[in-house]
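Got a structure for you, written out below as structure tokens; questions coming shortly.
Letters A, B and C mark the chains as written, and numbering starts fresh at 1 in each.
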Amino acid sequence: MADVSIRNVRKSYGKTEVVHGVSLDIPDGTFVAILGPSGCGKSTVLRMIAGLETITAGEIAIGGQVVNALEPRERGCAMVFQNYALYPHMTVADNIGYALKVAGVAKAERRRRVEEAARTVELTEFLDRRPGQLSGGQRQRVAMARAIVREPKVFLFDEPLSNLDAKLRAAMRLEIRRLHNRLKATSVFVTHDQAEALTLADLVVVMNAGTIEQIASPRDLYRHPASRFVAGFIGSPPMNMMPGVITAGGGVEIAGGGRLAIDLDDFDIEIGRAVDVGMRPEDVILDSRMQDAAATGQPALAFTAELTEELGATRLIYGKSGARDFAIAMPASSPQLPHGQVTRVHAAPARIHLFDQTTGLSLRNVARAQAQ
Amino acid sequence: MGKRVTFGNTFIGIALIVPQLLLVFTFFYWPTGEALYWAFTLEPPFGGGNQWVGWQNFETVFSDPKYYNSVKVSLIFAVGTTTMSISFALLLALFVDRQLPGYRVYRFAYFWPYALAAPAVGLAFRFIFAPQAGFVSAINTYFPGAWNPATNGNDAMLLIMLANAWKMVGYNFIFLLAGLQSMPRALLEAAALDGAGALRRIRDFQLPLLAPTLFFVLVINLTESFVDSFGIVEIVTNGGPANATDLMVFKIYTDGFVGKDYSLAAAQSIILMLLVVALTVVQFRFIERRVQYT
Amino acid sequence: MIERTPILNFVTHAILLSGLVILLLPIFIVLIATTHDLPTVNTVPMPLWPGSHMLENWSAAWTKGDFARALVNSLVVAVGVTVGKITIAALSAFSIVYFRYPGRTVLFWLIFITLMLPLEVRIVPTYAVAADALRPIKALFSLGNIDIGLPEWNLLNSYTGLILPLIATATGTFLYRQFFLTVPEELCESAKMDGAGPLRFFWDILIPLSATNMAALAVIMFVYAWNQFLWPLLVVNKPHMMTATVQLDRIVPGPLFGQPPIWNEAMAATLIVMIPPLIVVIMLQRWFIRGLIQSDK
């Protein structure tokens, strides 16, 4: 086992740079998920760790040893591929044991370790089958066993669950996490599925367009997105976003009508600054008593419901605030909101996010936020 | 051309291709180069190095009526054998494609002649059509002198065409059947519902849709009959009677190895080579187009 | 098909059956001819019912044609050419697809273009090369005035001479290349992660994966090599090196079976030459057809 240290790593194909200087420290035994939309460079980073791609600039060290010039086999990583990459002509046992065979491990020892790995992923009775005779989930397990058997320093996962159906995916997710809790090996898991990243990882790295947007625990990532991109990428439905201007007296004036109360001390901002205001659908509060904002003087937005989605425990309501699309999530037990009717909505000041309009970075005062 | 994922060891990579490169150089490019060299030079009668003579060898070739005869009979052979073989194979393929019970047996039974050696096929046909023995010459009892490939050039030509066509039927059948079976069944069923009978469907749908495959086997057959006809001629007619079956390949062989005139043989080789190149280019241009359609 | 009218079905069967008869008849006549004695086989028309001299005709053909020896020669050549072609095609395609060195596209085309240079059009100079297979290399070096002192390597009347010049294969290389390009990239990456180098990956993964294609190619190549005629005819002039097809050239009219032709024995010899590739094709029918269609696409 080992820590992984990535220092200012870049990757170019010809003249196109696809990874623009990524730095990341993964402590020993940590489960890290790299999350991002397709084409953001997350797989490239993983493949550079594995040694399947050359590193254009920067350094990658595994367990303190710089591995830039090492062959994949010399790096002590095992990888689970998106389509599993099982050798179709070999039995499950041979698939699992192939790396050991190449390494020249004696037959008896190989057999023992293959059986042990198979037991770990509950594949013992399938050892003599070929990959073609297995279901998707079983193939996935073979791929896992193939990684486990080598007792690698680092596990690398390249979107390993994306070929499974939704139900199996959730089950395998749990199993991977259980396995990690047992083996405690450093793991890097690349995915574009936020649910996978948030449920599996100790630490989530959000990447966009070849750079890291944020490195945080799943909880912090959700509560304190460091940028407008992260805010929009994490959470479903995505955060409601609208432009506004900071006004005196702890408020933000929303372009196109409406006003929201904020706590100015939470942010590094000055009066009169134009910002992007974000509000998660699940943080929206609607108050039927506030039909007349002018009468109560309470800051709020006008919201017109257009469409309701029942999701079991939750209800999603889509509509418009002014000319903008706006979504609200609320418990299914709360009263229905009639379509077409204007409601006033707001959110707790602590749950309102402000972002710089040009850089997209969060304006929240980090020190104070973490103190909370 | 290659993979995204490759191995870094260039030395091993090159070492792996070297054996084939050596073979290709020694047995393909060097001889081809030598053929070119011989085609433009002449060996003086009293020894010494070859002398550059420009187009002289080609002029010799083209002023020889025997060469024109050879080109003529090659064309007749190629066109005749191709037509016979493809039309027979097409007929069989169209009816096998109806998939009546037992069609699998036919499918196998029709292609095996292609696996036989050309000289063996030639010898078999030579016996069956022999003027003094075999079978076909029975016709001579009723019409004396009607069939004698040993003395009649036309009979000899017909004989080698039949042998070659018989051998090629299997090959053409396989491709035409594959072409027919790759057509969407629904199309023919729709045509049948529109009231088109079996013959009409063949004319209006199957043949037009089969045109690419037909063209493909046509070019292959022509190429093969120009290039691969030596075995049958050598065994059945030996180029005779009176050069009636003196195909281009056979003439190169006799001029080169019997007449020992390398320069003359080389010049003819170059001409035949150009013909093959032209046919292959046609074939590839066509495959490119076919790929776009499918 | 669509209609099941009795008339159309009858016509179909009639045509298919006559096709079968036309294709089988020649072989049937040949077979019958091997069962008659010499006077009967020379009657016109020859009777179409079998005679009683089959055994003696076949054994005479076997001895006169020295087929015990000739068939072994043919087998050695056919197996040698097949194995050689498959090996060399797989190695070249592996090199072209899985390595990235300058000029590999050019090398691929150099191999591929040989498709346009069939043996028949370069037969005279190729024969000349066979007299000393190292001459082209020597000539290449002597261009730079270097004498590397290579010996003379005469291929005439040897298995090497029968096999080596037929081994280079544009079609095979192309087919392997096509197949390798369809192998998922991840398999190679996975093998790399498992610690396999290029040769190990080639041997452990690629070769087993291409077994099906290899089988199809092998059947085609075997039949092709067995049926070679022109090249063995030139390269070999010693009786003990003759291949089966070449023996046919000496049958009618020829030193082996006399003039006028002794047809009954000659036809037995013909069948002896035809049978081996036929057995291969019948047993490996599926592969043969597959290989045929593959190699001409």
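As a convention for this text, a contact is a pair of C-beta atoms (placed from the backbone, for glycine too) under 8 Å apart; a residue touches a chain by one contact, two chains touch by 3 or more.
None of the values given here were measured: they were computed from a predicted structure.
Of all chains displayed, C has the C-alpha centre closest to the centre of the whole protein C-alpha set. Of all the chains, the one whose CA centre sits at the greatest distance from that of chain C is A. Between the Cα centres of chain A and chain B there is a gap of 63 Å.
One finds 59 Å separating the Cα centroids of chain A and chain C. Inter-chain centre distance (chain B to chain C, centres taken as mean C-alpha positions): 16 Å. Along chain A, residues 52 each make contact with two or more other chains. For chain B, residues touching at least two other chains, in rising order: 5. For chain C, residues touching at least two other chains, in rising order: 189, 192.
Taken together, the chain C residues at the contact with chain B in this complex read 1-3, 8-9, 12-13, 15-16, 19-20, 22-24, 26-27, 29-30, 33, 41-42, 44-46, 88-89, 91-92, 94-101, 104-105, 107-108, 110-111, 114-118, 120-129, 133, 136-137, 139, 164-165, 167-169, 173, 180-181, 185, 188-189, 192, 197-199, 201, 223, 226-227, 229-230, 233-234, 244-245, 248-249, 251-252, 260-261, 263, 266-267, 270, 273-274, 277-278, 280-282, 285, 288-289, 292-293, 296-297.
Every residue of chain B that touches chain C in the complex is listed here, in rising order: 1-7, 9-10, 12-14, 16-17, 19-21, 23-32, 34-35, 38, 88, 91-92, 95-100, 102-103, 106, 108-120, 123-128, 130, 132-135, 137-138, 140-141, 166, 169-171, 174-175, 178, 188-189, 192, 197-198, 216, 220, 227-228, 230-231, 234-235, 249, 252-253, 256-257, 262, 265-266, 269, 272-273, 276-277, 280, 287. Contacts from chain A toward chain C in the complex involve residues 50-52, 71-73, 77-79, 81-90, 98-99, 102-103, 146.
By the touch rule above, chain C contacts chain A in their complex via residues 184, 186-187, 189-196, 200, 204-205, 208-209, 211.
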